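Here subunit A shows up in two complexes: once beside subunit B, once beside subunit C.
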Partner chain A sequence: MTKATVQTKKTQGWKRSRRRENFASFVLLLPYLILMMMFAVFPVLYAFGLSFFDTIDYVFWGLTNYRAALDDYRLLPAIKNVLSFVTIWITLMVIGVTVLSLFLDTLKERTATIIRTVYYIPGAIASSAVVVLWLFLLEPQVSPFNFIFDLVGWENRQHTFQGLGDAWIFSLMSFVAHSGGWIVVFGGALASLPGEVLEAARIDGANRFQIAMRIKLPLIYRTVVLMTILSVSTGLQIFVEPHLIGLAGDEFVREDWSVTQLSFFYAFNFGDFGIAAAMSVLSLILPFLFAFTLIFATKFYKID
Partner chain B sequence: MKLIPRKVRQSTALVCAGLIAASAASAENIKLTVWSDPVRLPIYEAFDNARDDIDLDIVTVAHKDTVTKLQLALQAGTSIPDVVWMADVNYAAQISTRRVNYLMDLSDKVSAETVAEFYPTSNAPCEKGDKLICLRNDVAHYVLWYNKPLMDKLGFDVPKTWEEYEKVGTAAAANDSGIVSGAILANVPLLSTFLANNCNLAVPKADDPETLLINMMEPQCVEAAQMVDRMIASGALALQAPFEAGFVDNAKAGKLLMIPGPTWFGEHIIKRRYEFAPGTTGVAHPPKWSHQEEPVAWSWGGGVWGGWKDTAHPDAVVDLLTFVTTDTDVAKAAVTMPAHQPASIPWGKVVNASGYYADADMFSILLESASFGHPGYTSLRIDSRGLITKAVVNDIANGASLESLLPKIQEEFSNASKLAGYKVALE
Partner chain C sequence: MRIPLFIRRYTPGQFVIHAVLAFALVIYGLPLLWLFIASTRTESSMYSDPPLMLGSWHALKQAWDNLAGYNDFQMLVWAKNSIIYTLGSVSLTLASCIPAGYVLAIAKVPGRRFILIMTLVAMITPSQAIVLPIFLEMTLLGLVNTYFGLIIASAFFPFGVYLSYIYFTTSMPLSVIESARIDGCGHFKTFFRIALPMSKPLIALVSFFSFVNNWNNYFLAFVLISDDSKLNLPVGLTALLSSTGAINPRTASNIPIGLQEAILAAIIVVLPIILIFLASQKHVRSGLNAGAEKG
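Presenting the complex of A and B:
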């Protein structure tokens, strides 16, 4: 009897301290949760609700907005554009960032840090500014890479755009803008690998390439998956690059290149926030499916 | 009284006094919010000076953001401007739909005499049924600009028809002279070439403005496209945009013989960008096709002003709209040719007096050409410039003929017009 009481008291104490810890973590999370509710969850729910209404008199009209969105003749080409962009960009990211990070990891720490910072700089510039920068890079008459353009015979920006294709141009822009940040993250992941494992591999006679491919890469695959999930959802929302490319001149305007742009068009050209909301909700489906597939297929949250 | 510290008492009294003063001032002065670009700021200053009872609060908005920001303001129901400057005539149609109903009907507010004083067809973008939803700021119809000394040196007469234009342009470009007679790789130059031949490229039906005529297979459209193709092939038309660095360099080097362009090309493009020497720039009526009785001139720009239909001060808004479009002192300093004819006369005098143009009275050419304005230059809910860009610009830049792209233009314009709620008809 007394023994039992003691035990209950112990459990209670433990429970209390556990509860206190929980409370503390919620307090610490609160600012983030509030902001997330205000600027992420609420807008999504609001858009979801709005997508079922006619925004003139605010009458419920079911799936009419969705029908209009799906009937848009620009939707299919836009989906095609976005998918080709995402495919090219993600491939560039996965291969480029992984290879560069593994290379950097074989260098001396000081050199690697300097190079990593250099890679990061373009990522620190807002993507709108990157677009403007690229407009110069792609103009054979002023580009520092004009020798390349000479080589393939491109004389003006039209040729460059036609030669590379919009999806490749936007992919290159996004790669330069986003890869630096991920190289830093990968650097962190690689630095935290257990030294004794690498040591053991080295003693077993593995060369640098083998260590990179057989030891390091399998150990950081979660970071690769994380990057892929986040990049796919960023990529599917591509907006800034095609939206701003028109700065190069009227002949480069691409107002209906991506799905997000179509949504923007409905809201701000037609003032039809209902169809815009429907289009946005539709464009949420793909990233959701993709993220969940990857998370469950790779057992992303499983702790070894 | 002791309970409240002295400082607080003093400041409270000051605030109260301030509030009373502010409310007294606002009772006297009407405050209007105006959205505009920075170019037009001196006009508002002039209005501010002329009217003591009205204060203007100017918000500068980038041209392309005008419709976007207005949609947001209307959606939010706050910070809605009383007056809006619209750099693109299509904005007027875009913000006077059932969904986005912003513009005030001016037909019973601006006197019929004043409206009649505008150049014929210049207010076509502002007419919506029986309503007048805006006032045109400037007319921007096409004329033919040319390099007079070069024309004389080569021994050509200034073309009066498009057939002559092609002949002269082709002859001048012969033997790889590098002399060009226009830049075609841009949206409005392409649109205007079709519409000058009365090709029906999204032209509202005369008796039913909700139906757009789109028929690129008509002989006039094909004729215009073939002329462009031949002139690109002969090097007479540059496969460049008129403001592109390469073309500008060429024009500066004296290789630009002539270029069809709107009224504002003289002051803003030829003088400032192409840097033609004083006394060099000639201007002529826009060419006509030989089967036409007189030329038909499309326009490039020519903005409009509009007021908010729910403004608290409709009279003040109408006063401002009338002032900015018709005041002769404002017109004198205007950057473009005023659409209000009496106001454009003093502007023309200033331009003539500058002595820059080859012809001492170049303004009379602009004035006469105003009567050739295409009546179909109205305000549309579609973005014609963006559509023609998407349909053809990339392809002709890469060697496709304009004629081969006519079906693509037809499809793109038909689709977009239907999406914007228009009916589409071939004739």
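Presenting the complex of A and C:
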């Protein structure tokens, strides 16, 4: 056997084991890859395809669904509703989460942890039950917050809804549900600040307010940006809150308050999957844009 | 008289901080506290007495009986469904996420970077945005209104894969894995004999987030399941309330499902999560810090 053939055999053996390794990796990945194909890749492609068809007679009709979706007279008010909700909610989140996190950071760690846990619980139970709970909270006759309603003179749920407006009500619901998780994340970010920096600032005579504004805030700024982008992305898809408040009675029913609701209206009430698909394709553009920005233009997520 | 040190040091700034944090505690905590208190009070007591007054054991028992009387205790069927959906999805999630995270962290498979990017895109995109496309797909596959359909659709959990990936790249001592590989262990053996037994904290974390997501799952379940007997608790709760008009003051019905029963039903939905959360909050905190999921 010449040297060359030994070499080839070695390479072959190496290649074989390499192939076997790849095969093993692939088998371990397979269940996840199947789920990803089924519930991420395929549904998006399928909705995209469907959006070009008349789904009642199954004929190709190009952009007609998109035109119909964009021409719907309910779309503009729905977009306005969603935008006002997102604006109010994000403002509440940025101010509320930042202020509460900075304030918590001045407490002893043990106390702060207990308080963070209480803040987080409403987020862990966020389901239809929480919207139901809110319908009670917004009813001045039974609400534990009736002391606030007494101050402004609201006597029933309708007063509350008229007084606050839908966008504010959904913003408050979403704030209580989503801020707690972020307060925990901010707590982690603040805890990782280097102690020497804070100590040096204190020695230089910076007071608590200056430390918060000039040192802590710039250091957690990235987390604020991340929260804002992710929240805008989620907020644009609002469905459950406007969908469920109708449980309180006919005068509260909002069937086409948000864009997502409108696309479901087409799918369920008209059985027109084409227009529904076109609307959901359109509403996927922004979330995808946000996702790619976060992955490629920032360093929030680790991919290497 | 000497003023104690902690009072002398109590500045107006500190007072503002404590007042704001306490007010926030009321906003976050009071609703749940009220929910549990209100379940012991009759409807008339809710309207006439102060909101945080405790009711009676008897009133709670009565509400429970009324709820049990509704369609042969349909809440129980929904609770059973919720357990089936949740256990099914959590198991599938674990079986798919943990090995996938391991491979993405340890092995140099072709397409690794692409899979990671897809995972992140799926994780960052709000799940609500994809519910309608999933509904269209499930209609095509004929899996609408089946246990299996909702279970596999909810088992896809990219956040779990990302958490596993982070765990295996940061918390797992690479030397252990490498020495096993040098000893001739393939990926299978290394994963099942070495990596998996060392990932208990990871399994706890992924299980918790997946459990919470599935137990609370309203939107996807609402869209995929229409058969009353197959609903989960969150959708069942709203079905109960809309069919009885329990919290709509205008409906007059002789079904004894009113405010108190609605509250009790809501408690049945949220109580398991609260208990599990309190039992596992340390893990949760570390998980939230490891990777921020969608807002």
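Note that the second predicted complex is superposed on the first by the 246 of 304 C-alpha atoms of A that agree within 3 Å, B and C clash if a C-alpha of one lies under 4 Å from a C-alpha of the other, contacts with A are read in each partner's own complex, and residues count from 1 in each chain.
In the analysis below, a residue touches a chain if its C-beta (ideal position, glycine included) is under 8 Å from a C-beta of that chain, and two chains touch if they have at least 3 such contacts.
What you are looking at is a predicted structure, and each value in this text was computed from that prediction instead of being measured.
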Partner chain(s) touched by A:Pro287 [first = subunit B, second = subunit C, both, neither]: second
First (subunit B), second (subunit C), both or neither touched by A:Val152: neither
Subunit B versus subunit C as contact partner of A:Asp72, first or second or both or neither: first
Which of subunit B and subunit C A:Leu63 touches, first, second, both or neither: neither
Superposition-derived comparison: subunit B or subunit C, residues of subunit A touched: C
Touched partner set for A:Glu255, first subunit B, second subunit C, both or neither: first
Which superposed partner A:Ala267 touches (first subunit B, second subunit C, both, neither): both
Touching partner for A:Gln141 - first (subunit B), second (subunit C), both, neither: both
Touching both subunit C and subunit B, counted on subunit A across the two superposed complexes: 141, 249-250, 267, 273
Residues on subunit A engaged by subunit C in the complex (per definition of touch): 20-22, 24-29, 31-36, 38-44, 46-47, 50, 93, 99-100, 103-104, 106-107, 113, 115-122, 124-130, 132-137, 141-146, 176, 178, 180-182, 184-185, 188, 208-209, 223, 226-227, 230-231, 233-240, 244, 246-250, 260, 263-264, 267, 273, 276-277, 279-280, 283-284, 287-288, 290-292, 294-295, 300-304
Complex interface listing, subunit C residues touching subunit A: 13-14, 17, 20-21, 24-25, 27-35, 38, 46-47, 51-52, 92, 95-97, 99-100, 102-104, 107, 109-110, 113, 115-122, 124-126, 128-137, 139-140, 152-153, 155-156, 158, 161-162, 166, 169, 186-188, 191, 212, 215-219, 223, 234-235, 237-238, 241-242, 245, 247-251, 259, 262-263, 266, 269-270, 273-274, 277, 281, 284-285, 288-289, 291-295
Partner subunit B, residues of subunit A touching it in the complex: 55-56, 72-74, 141, 156, 158-159, 161-162, 249-251, 253-256, 267-273
Of subunit B, residues touching subunit A in the complex: 67-68, 71-72, 74-75, 94, 97-100, 185-187, 240-241, 243-246, 381, 383, 385-386, 389-390, 393-394, 397-398, 415, 419-420
